[in-house]
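After this come two complexes, each holding chain A, first together with chain B and then together with chain C.
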Partner chain A sequence: MTHPGPRAQDPVAQTATYVFAVCRDTRAMNTADLTALPGMPGGAPLRLLSSATLTAVVQSVPTADFTDEVWQQRLSDRQEIERYARAHHEVVSAAAARGPAVPLPLATLYHDDERARRVLDDEAERFHGALKRIAHHAEWGVKVYGRQKPPQAPGATPARPVAVGAGPRQAPAPGAGLAYLNRKRSVHQGRERRRQEALSVAESVDAEFRQLAAASRRLRTHDASLTGDHRVHVLNATYLVAEERVDELMRMTRTLRERTDAQIELSGPWVPYSFVGEV
Partner chain B sequence: MTDLDFRAGGQPVPGPAGTNLADILERVLDKGIVIAGDIKIDLLDIELLTIRLRLFVASVDTAKKAGIDWWETDPALSSRASRDALQDENRELRERLEALEASVDAPAARQADTGKTRKTKTSKQAEDQQP
Partner chain C sequence: MTESRVDLDSEKMGRDLVALVLTVVELLRQLMERQAIRRVEQGGLSDAQVEEIGTTLMLLDQRMQELCDQHGVRPEDLNLDLGPLGSLLPRE
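Right, the complex of A and B next:
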């Protein structure tokens, strides 16, 4: 499996070839200067690797730092995973500046350049198919959030106790139990109503964007622990949009924002990560 | 929020600046063309990763810092989360109601300072006192 041959020029540390993205083998691509980007922490300078018809953006990285065990550690550390994910994303984005680029998932590694090149050749058809699909298109993310909770009326219940379980309780006034329940119920109903409204806005927003997009995907709504955002996230969708329709996309976003009560966030243009896989 | 995290009118610059981690993770982990690498790394999908990161955060940080109530409103945990949250809240409400009823039945002396608020027993203690 691991032939020492191609690695002979690198006797000190064992390295692997990390592949970020695959592009067409064009002059524009082959003259791209990627040296400004660091790539993966601890890796050698970024470089291009050509196969028969494709060019990949690759980097030699220390094999010891890219084992499954090391990655499992990394995946438990928010800062570490952020560092590597952003480094990967940065290189993929830079690769796409010169023409369509098919991103590979984080941590796609080959024993050496020869192995990577062989995969490019073996999978050339799929890569070219994906490159064709995403050429002159970008991915745009659309997120819809429900309306914020209305400001609390004066005298309303203070924020719930921090700890779950037995906290200090207030002495009740007569009828306080019922008032408390009513208050709780109306808070619940309000929250549920807002959620339903937001969900229906989400569906109509998605329907509108789908009309404009070449393809669309629904992603999982986000978790507050990653984003620090405690709004109710009701739609996380992403659309493959042709370059010439981007103005339309902007207009549509503005119109939808005015027409609906929900918060609509647009992000992009992204390298079409979500649209290079098998549909 | 009216801030736009895209560069309106500009040339498509692949990869918006200042994007949040979740946006990036869901793209670099779960997406991209699937090509077998030589070195097998189990990356998890973003949902599992989020759970793992959350556990990690919870284990090193205080619950408050992680946002003790984030899961109540977190649709990422889908309907199950909201159902669980509702059940929990129901249970809490029942406990509080029992506690309140117990206190109303308690000596009239308490009614003297109904206007004021003061610390009283926890619902658990109140329950224990019930006949």
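Right, the complex of A and C next:
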């Protein structure tokens, strides 16, 4: 399709093969499951691409829409990247609804069907390994937020926004230096104590979930400035949990919520993006 | 190369530079403060010395806030995201 030829002269006509997910060939995957979904913006209808032992859910997309340049720019636009990520996820979820499917990362693109098929054949062993690992399992995300900063003790001066700036600076009152030091010391101690508490809660929550999960991964905790969420995010982890243990997972989450005063957020079931290895 | 990737808003660049400089100053200020608190906790300083250290740090803190106010920089702007290492300055 992208071989040099008359069509290569026209960049609009150039397409690449976008791969969403890889499934077993034996499964009852049907193109009809996918036709209702748009896939990537600007792409052709979704279709299935079979190799010797695997089937991939693919779509022909305009190459010009997925150059490094365009993609870099897209990455810095949160609304735009969300649109693409959601489209990707929709297709992956639809593919996974019928049986195990290895989700591929957003923007996995091959030059053409032939290249994509060759990768499926070359990496067949790894894909089958991943499919076996995630069959009848789902990914569950766990986020733990530490205790909120305790309310300021009555009469205590806020540590940072001191009312200065209005009027000329006055000479500090006697004892003000010592008071300042003590205030700062208690701020530091309080922060350190909260950090320790939060970390120990995170560790114990993680340990409990790990016992129940087939696999687990710790992810980077979110930055407050990005999400506008001012709670202290102390654990961001994800667990691969067997279908038959989901009830246990729910019970454990409830117990942990009662036992610790941390906020524990459970999300899922997800297609196990985090547990398919580097495919 | 697309145009929008090169930001030539000089006013914004100036503000960003001020925020960066103030961030570094704030980092040094906080390090000094911690060092001083540790020194005081170790003991061996006279009351007058402790008071002087405290007063100096307090004035430095106030001066820092004045600088922030003058340049329209909020205290929470004085930070850098160091990726997996977290933030440069502790967040509340």
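Note that the second predicted complex is superposed on the first by the 217 of 279 C-alpha atoms of A that agree within 3 Å, B and C clash if a C-alpha of one lies under 4 Å from a C-alpha of the other, contacts with A are read in each partner's own complex, and residues count from 1 in each chain.
One rule holds for everything that comes next: contacts are C-beta pairs under 8 Å (C-beta built on N, C-alpha and C of every residue); 3 or more make two chains touch, one makes a residue touch a chain.
If you're wondering where the values come from, they're calculated on a predicted model, not measured in any experiment.
By the touch criterion stated above, A:48 is placed in contact with neither chain B nor chain C. Of the two partner chains placed around the shared chain by superposition, chain B and chain C are both touched by A:177.
Counting the residues of chain A that each partner touches, chain B and chain C differ, and the larger count belongs to B. In the superposed model, A:107 makes contact with chain B only, not with chain C.
Of the two partner chains, chain B and chain C are each touched by A:220. In the superposition on chain A, A:81 makes contact with chain B only, while chain C stays out of contact range.
In the superposed pair of complexes, A:67 makes contact with chain B only, with no contact to chain C. Chain A residues in contact with chain B (one complex) as well as with chain C (other complex) are 160, 162, 164, 169, 172, 174, 176-177, 180-181, 184, 188, 220, 223-225. Per the touch definition, chain A reaches chain B in the complex via residues 1, 16, 19, 22, 63, 66-68, 71-72, 75-78, 81-82, 85-86, 88-90, 92-94, 96-97, 101-111, 115, 119, 123, 126-127, 130, 138, 140-141, 145, 160, 162-164, 166-174, 176-177, 180-181, 184, 188, 219-230, 232-234, 236, 243, 246, 250, 263, 265-271, 273-274, 276-278. Taken together, the chain A residues at the contact with chain C in this complex read 69, 73, 149, 160-162, 164-165, 169, 172, 174-181, 184-185, 188, 191, 220, 223-225. In the complex of the two chains, the chain C residues touching chain A come out as 1-2, 4-5, 33-34, 36-37, 40-41, 47, 50-59, 61-62, 65-66, 69, 75-76, 79, 81, 84, 87, 90-92. Chain B contributes residues 1, 4-6, 8-9, 12-16, 19-44, 46-47, 49-50, 52-54, 56-57, 63-64, 66-70, 73-77, 86, 88-89, 93, 96-97, 99-101, 103-104, 110-111, 113-124 to its touches with chain A in the complex.
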